[in-house]
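Both complexes below contain chain A, partnered by chain B and then by chain C.
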Partner chain A sequence: MSKPVLATTSLAGCFGCHMSILDIDERILQLIELVEFNKSPVDDIKTFTKPVDIGIIEGGCCNSENVEVLRSFRKNCKILISLGECAIMGGLPAMRNGIPVEECLHEAYIGGPTVQLNKSHILPNDDELPMLLDKVYPCHEIVKIDYFLPGCPPSADLIWNALVALLTGDPMKLPYEVVKFD
Partner chain B sequence: MKNIVKQIIENYGTDKNRLMDILIDIQEQFGYISREAIELMAHMLGLSQVDVEQTITFYHFFSLKPRGKYAIYLNDSVVAYMFGRQAIKEAFEKEAGVKFGQVTDDGLIGLFNTACIGMNDQEPAAIINNKVFTKLTPYRVREIIRHMREGKELDELSNESHGDGKNQHHLLKTMVWSNIRRKGMILSDDYTTGKVLNSVLPTMSPEAVIAEIKHSHIRGRGGAGFPTGFKWEFCRRAKGPKHYVICNADEGEPGTFKDRVILTEKPELVFEGMAIAGYAIGGDEGILYLRYEYRYMKEYLEDVLQKMRNQHLLGENIGGIEGFNFDIRIQFGAGAYVCGEESALLESLEGKRGEPRDKPPFPVEKGYLNLPTIINNVETFATAVRIIENGGEWFTQFGTEDSTGTKILSISGDCMFPGVYEVNWGFNVEDMLNMVGAYDVQAVQVGGPSGTLIGPDEFYRTLGYSDLSTGGSMIIFGKQRNLLKDVVLNFMEFFIDESCGSCSTCRNMPQVMRNKLVKILNGNGVKSDLAELKEWSKILIASRCGLGQTAGNPIVSSLKNFRHLYEVLLQKDVEFDQGFNLEASVQDSCKFVGRVPNFNHH
Partner chain C sequence: MSNLIKFKIDGNECMAEAGTYIVEAAHQNGIYIPTLCNMPGVKPKGSCRICTVKINGRLMTSCTTPVTDGMEIESNSNDINELRKSIIELLFVSGNHFCPACEKSGNCELQALGYLYQMMVPRFPYDFPKREVDASSPFIIKDQDRCIMCKRCIKSIKDKEGRSYFAFHNRGNHLEVVLDKELAANMTKETAELAMKNCPVGSIIVKEKGFVVPIGQRKFDKKPIGSDVTV
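After this line comes the complex of A and B, so read on.
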């Protein structure tokens, strides 16, 4: 039997959740025995090359590219997991929700106290750039998400336990230490 | 300005518990509450400025900015919409030249939305500087605004004849109608004020009064239905240097207006009931907590109180009973539905934000100023008089076994004779609809937005605490109404606006549910949405008060009884759709940075 295939991505996140994946330490050797990585920053595969069993999403959606990547994950993965606060709730980036996007752009590129060099008030409008959404969306407001692993970041043990449970079909272990976030 | 504010504060004995009265007077005097006034109040009352500010911002009739010489509050309850509110709103905006929520540049006119003002039987209605204008038409709106611009005074703005009954009293002179369509023991004219206080009470001990109330099995008429006799008994037993009697006349449940009618037509009965309660629990002070929407009754009700004092029905040694002293004062709310919840009402009475308290302790032990307090509905006090007059046994012949006596219903919506009907408990909905001239009925909202929405197959059900419990609000919807879009959505917006924000459940879940309903109405609904609405609503039970616990009811109840209305809106063969639209969501940012949205090359 071929190994289950895993894909991961970081959308509007800080890569902290991916750092937490790496925090499983030496178990990563065990992990690559158990699964095969496809599109993921872990192995730097940029596009899906085959159907994937488990997709892990870090971060919510703040721009059009996030939405497209998330939709491609939904299309190519049997199971999708929202990993961490930003994917589940929008997290820190969602602090701009409630403020009109025009105001955010103005603050960032024209009016903000740290804007020093942009004398001619250029706004990022190159056609190659992703387009900013009106607000930051949690992943489940864009596509169907099957599982949610909370935390900022979720602890390495929580991620490990979830993957083991998914791969073995056994109930997930959720001892207090693993879901205690502070 | 400073001197006037100082005078107002001193009028209330520089007592921080009277902050609501102080704020109301300042708001009425200046049209807003200024920074200087806040500083002065904080200083004189020994509060922090934030204490004062948080009370101000809680109530929607208070404002930190000028609301205009004429502040127009247009009712936005569902029945107002059914009777043409949209056209009235547009006429106001066109004539005044500003949108709702704004004030004209010259400071003359301010337009504001407000929740149900208790005029559901005469909509569309508005309150302008405490004066109620009913049955508005676009023509009248144009005329009113024109007259304001011509410099006419408030009294010159109305040209309507006065309403029926006591609405013509020289201290009311209002165009509001009582519309009493059916009378029972409370609304009948066969009671002479003072009979119980003068003739019956002197023969009874306080314990005997409580025993009669208990024997009558009367339950609270506000909606919750707690047995009144037990409440009085618990309070009498509670230890404290002073006991309070409070009449809850906050009547905020949309569609309810019977307390307005009772207080207009039978205020003496209510006040006599409060005095009887004072005798029973051993209290000498009563407070009528009246919603600000009924501010127009202030002089009238104070006059009634004065007359009762003159007749020795209030004051000292009432009814010749040595040591039975009792008096009543009126205190106003300032626009907050949640203050109808008794512990929120107490907070409001003490000059604070109307946030419900944790219970226990219950008000009978620690109520107003932490002293033993009973809080009863207007109708309960009025009924208590007839019980003591005729005995608890007599009372039980009316109504049903578990719901004794009569109930005054406020009936509005699609019917020929909206108004107030006093019926025996046990009346069924079918008979009620025939009585009020309602035909082709699609649904009836029993008990207001926090109650139940029922359809024709449940019209056999009866009104009573064991079946259809109601505080009195009955809103009838004809076949032509869009229940989900026009009714349920309006009710959800109401709960979202009126949440005090204290519990996260009530602060958030109604919004989540409203958004899901909007999504379904927009055609993005899928089957799982209905299951989720039902499941998620359960979390509301964790809220501290009844408002929060019932805030999902418009959706829960319509989902239960009108599920087909939801199902026809759902997409077939689509399992997931959150209504997200990528094209629409990038419009604003692209426009701002000056680029054309492009979805092709990524």
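After this line comes the complex of A and C, so read on.
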């Protein structure tokens, strides 16, 4: 029997959740035995090459590229997991949600105290750049998400317990200490 | 002690003095009923509804309902807990609660109740309301993003003459708890600390101090809220 296939991505996140996946330490050897990785920063496969069983999403959607990647994950994965606060509720990037995009861009590229090199006051406008969305969206407001693992980052044990539960079909172990929002 | 009466919570025989509010009576008997807007020493008002219990088929707030003889109270049932969880979820989506960026994280009662009811994600859409942060007072930051309008600060933080440092401002959807700027100018550091402590969330933060106790070692990091009550 072929192994279950796993894919991961980081949208508007900081890669901290992926670091937390690596925090499962030596259990990663077990994980490699149990699953096969497809599109993921872990193995640097850029596009889906086969149907995926479990897709893990880090980060919310702050631009058009995030939305496109998230939709392709929904299309190619049987199960999608929102991993971490940013995927679940936008997280720290969503702190811009009360501020108009124009104001954010102005602060970042023109008016901010650390802006020194942008003498001609150019806002990034190349066609190749993804468009910023009006606000940062939680993943489940864009596509259907099946499971949610909170935390900033979610603890390695929480991620491990969730994967084990999904792979074995057993109920997930949820001791008090592993579910945290910070 | 002739006023002692008998009542039941989830089938457990309990005893308390007649007239005691259910929340308090339950705690005296080692049974935890969650509260947010209620705190010891402040007159209860039953606004957050998190302490809701079922008595005679009716939902009542246990912080404002006194126990009576023979009362049968349903508290820790699936129905009631689901109701409480939905209140917590509504509070999370109606404000801007960025736990990873909050100094109160780990000591926050709202967050702790999220843990208690294993809220993995709120079932309601996030509102992301536009709110302001008032950092004009010398000792306190009042972050409206996190305020749940529980009134605990209004009722418990007062000056020597009994005037409240905090007050309600505006109405309806625009309602907010604001800090009286004139009074706040003369607020002592001790009062500021007490205000932060009495705030169930991270809406009142003491300035120039942070992470004295690291994340992971805070009040609700290891033990669920209410574990000091349950026997």
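For the reader, a short list of remarks on this structure follows.
Going forward, the second predicted complex is superposed on the first by the 179 of 182 C-alpha atoms of A that agree within 3 Å, B and C clash if a C-alpha of one lies under 4 Å from a C-alpha of the other, contacts with A are read in each partner's own complex, and residues count from 1 in each chain.
Following the convention adopted for this analysis, a residue touches a chain if its C-beta (ideal position, glycine included) is under 8 Å from a C-beta of that chain, and two chains touch if they have at least 3 such contacts.
Worth saying up front: this structure is predicted, and the values here are computed from it rather than measured.
Of the two partner chains placed by superposition, chain B and chain C are both touched by A:E141.
By the document's definition of touching, neither partner reaches A:A165: not chain B, not chain C.
After overlaying the two complexes on the shared chain, residue contacts for A:A94 are found with chain C alone; chain B is out of touch.
With both structures placed on the common chain, the touch criterion links A:E102 to chain B but leaves chain C unconnected. Within the superposed three-chain model, A:K180 lies in touch with chain C and out of touch with chain B [touch as defined at top]. Once chain A of one complex is fitted onto chain A of the other, the partner contacts of A:L123 are limited to chain B, with no touch recorded for chain C.
Common to the chain B and chain C contact sets on chain A are residues 135, 140-141.
Within the complex, the chain A residues that touch chain C are 82, 85, 88-92, 94-95, 97-98, 135, 138, 140-141, 147-150, 152, 174, 176-177, 179-182.
The touching residues of chain C, when paired with chain A in their complex, are 92, 96, 98-102, 105-106, 111, 114-115, 118-122, 125-126, 128-131, 215, 221-224. The part of chain B that touches chain A in the complex is made up of residues 575-576, 578, 580, 582, 584-590, 592-595, 597-599, 601-602. Residue ranges of chain A in contact with chain B, taken from their complex: 64-65, 67-68, 100-102, 105-106, 123-127, 130-135, 137, 140-144.
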